[in-house]
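Next come the structures, one after another.
There are two complexes below, and they share chain A, which is joined by chain B in the first and by chain C in the second.
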Partner chain A sequence: MIRPGDAVIALAGVALIAALSMNIYSGGAARVVRVTQGSHDPVDYPAREHRKFSVSGPLGETVIEIRDGRARVLQSPCLRKLCIRAGWLEDAGDATACVPNRVSVALLGSDPRFDAINF
Partner chain B sequence: MNAASTNTAHADRLVAGYAALAIGIHILESAVPMPLPGVKPGLANVVVLIVLLRYGFRMAAAVTLLRVIVGSIFIGTFLAPTFFLSFAGALASLAVAGLVHACGARWTGPVGYAVAMAMAHMSGQFLLAWRLFVPHPELLNLLPVLLAFALGLGAFTGIIAASILDRLPARQP
Partner chain C sequence: MIRRMAMCVLLALLAGCAQEPRTGRHAFFALGTLVEISVYDPPEDFDEILRDVEARLLEQEHRWRAWGDGTLANINERLAAGDAVALDAAMLAGIERARDIAQRSGGRFNPAIGRMIETWGFNVEERDAGPPPADSELATLLPPPTLLALEQTGDGLWRSADSRLWIDMGAFAKGLAVETAIAALRGHGIENAVVNAGGDLKVIGQHGARPWRIGVRDPRGDGVLAAVDASGNESVFTSGDYERFFEWEGVRYHHIIDPATARPARGVTSVTVIHSDAALADAAATALFVAGPGEWRATARALGVDKVMIVLENGRVEMTPEMEERVEFVDSAPHAEIPAP
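Up next, the complex of A and B:
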């Protein structure tokens, strides 16, 4: 007794749940990328503008790329390359850091999701 | 399916009988513990689905409203928060059932109705709970999980209703 309308309704239900989950569970689009080096003041870059630049720290140059609301660390002089392996940061609230070179990259949205994060 | 041509007393007796069945299931089900608040199999909706597909929307609406009101009186939650949640869910479920009935009754079987009604029921009670009882933004995080439960359990009750409808003898006029 399965009719075509049943499949349409079930698919609409699945689509609704998927759309809602994406809306509710993602941190939202990033507005700015905040780059901090050592004790210098953080510098904000618009997340939508494509740019590639380097930040110099005690070990050397950390290369950061910003593109389409995402950001990543491309090159880093550090030993373990954890910041590079973090890959693209996509949602507001995502962050990575190269601790040896004292560089951190964070995506910020319209409202911060967390005050602070401990590891 | 034509309510006007049905004998009123006969229709009333049918509504009373089906409502009694739905209320019985409703009460039995309220004793079953569930992992999440707001989630339950909704087996009483099997009765509503059968009435809806055999006798039309008006009788299904009567059975649903009787079930919610009389069922809550028996359980002891009449006019308590649970009752309003249940009532909001039932109204949303009926509204969607009416919509499907008016737009696509020819292409839709019990499973489609059950899924649409279960998800509407969940949305209705969730919105009331969220707006009135727990107006906290984080509650929204539960909605996709609850709707996923509604989808699965709705399909389950729809399949039960379909297999019962297959076995029922053809309706006497």
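Up next, the complex of A and C:
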């Protein structure tokens, strides 16, 4: 016979499963955007909070935008703009860097699709 | 009964979801690129270890820098001036290894063509806009010098028999440096790690119970072309025409120069090599790119590398059977050709 306490425990179990699933098996969603400039300690930003900011490097200002769990380099003082051409970084493990201005942007999450990208 | 079952579910979940060891990651700029070090279940003194590895890589960068204030740059300048120079043991060991691989590659990997690299402007981070070098200028660099021009004098010094010799270990030094970083990590007791130097990487051990998952970038797209599971002691190196290039009058000129023509090698978009030796993988990726569609298999055999994937300019993918066993195309499988062994 099901008693009220049993139902509470069962519901708690379901809730726990849901919570753990959200946290552990999130399928590559990024939680944190990590920005590194030169030899300075990296700075982490919540991936879900919209912000646009600039980071100073030896060539000038690199402008980074974070929106809806994604991040991109919007403006860069380098010549080839490879960091801008990388577009939106969307999955945990995605990263781009402006080597001339010594700025890197990486999405960190619980389950990146890849541990490293070869190119 | 339900209470017991629910408690069992909860306990099982809590046991099963015991926190997995974290992966420590740190990135810094060295070797002219972004270096990322990933360590599975890092020790408490991880930060201290990273500082040691970073210092060693910066030392390697300074040693092999072929222009500017690098140790090798100074040697190049003195050799070009006709001076006899001393080479320390590490410098000599690196050059001798490069010379051996260069010979086995049939000169397709040639670290003696720094003058060609400089003439094309690929010795600097950002080349000034302008046309490619004139044919007449390139003709003076042919036939190319080789490391055989480096001759030992009677007093243990080294002299260049070719005034055009300028040693550029750009297609080799990154592999050496990655090996240095891996050795340093192992020296600190770390057995499960990835050292990724601007896309060229080496793994040791595993990521817990699974291999390290490596994505190989699509040379003509933003995404990933293929996935490789790497573990134990494996390097994955790629040479691609998208890494450094400029365009002039609608033509793309990339940084992988064919020593035989003094011009960018044609026919290939990227070459990926897997091998335990990072320095060999580095040099082989360049040599096979230069070898091109017709010659890459023979060059790979001569170098002793059996895991090769090559993307041609027309988008076709060719690979060795040994590589075919290792890669899994991620988004859409291109037309791939697996030649008979």
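Please note the rule applied: the second predicted complex is superposed on the first by the 83 of 119 C-alpha atoms of A that agree within 3 Å, B and C clash if a C-alpha of one lies under 4 Å from a C-alpha of the other, contacts with A are read in each partner's own complex, and residues count from 1 in each chain.
The criterion applied here is as follows: contacts are C-beta pairs under 8 Å (C-beta built on N, C-alpha and C of every residue); 3 or more make two chains touch, one makes a residue touch a chain.
Everything numeric in this text was worked out from a predicted model, so none of it was measured.
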Task: Check whether chain B or chain C contacts more residues of chain A in the superposed model.
output: C
Message: Touch test for A:Leu108: chain B only (first), chain C only (second), both, or neither?
response: second
Task: State whether A:Ala116 touches chain B only (first), chain C only (second), both chains, or neither.
output: second
Query: Which of the two partners, first being chain B and second being chain C, lies in contact with A:Gly87: first, second, both, or neither?
result: second
First (chain B), second (chain C), both or neither touched by A:Ala97: second
Message: Does any part of chain A touch chain B in one structure and chain C in the other, and if so which residues?
response: 2, 5-6, 9-10, 13, 16-17, 20, 24
Query: For chain A, which residues are in contact with chain B within the complex?
result: 1-10, 13-14, 16-17, 20-21, 24-25
Message: Using the touch definition from the top, list the residues of chain B that touch chain A in their complex.
response: 100, 104, 107-113, 115-116, 119, 140-141, 143-144, 147-148, 151, 154-155, 158, 162, 165-166
- request: In the complex, go through chain A and note every residue touching chain C.
  value: 2, 5-6, 9-10, 12-13, 16-17, 20, 24, 34, 36, 38-39, 42, 78-80, 86-87, 93, 95, 97, 99-100, 102, 104, 106, 108, 113-119
Query: Which of the residues in chain C end up touching chain A in this complex?
result: 2-3, 6-7, 9-10, 13, 17, 23, 25-29, 32-34, 36, 38, 125-126, 194, 196, 198-201, 203, 207, 212-217, 222, 224, 227-228, 236-238, 240, 242-243, 272
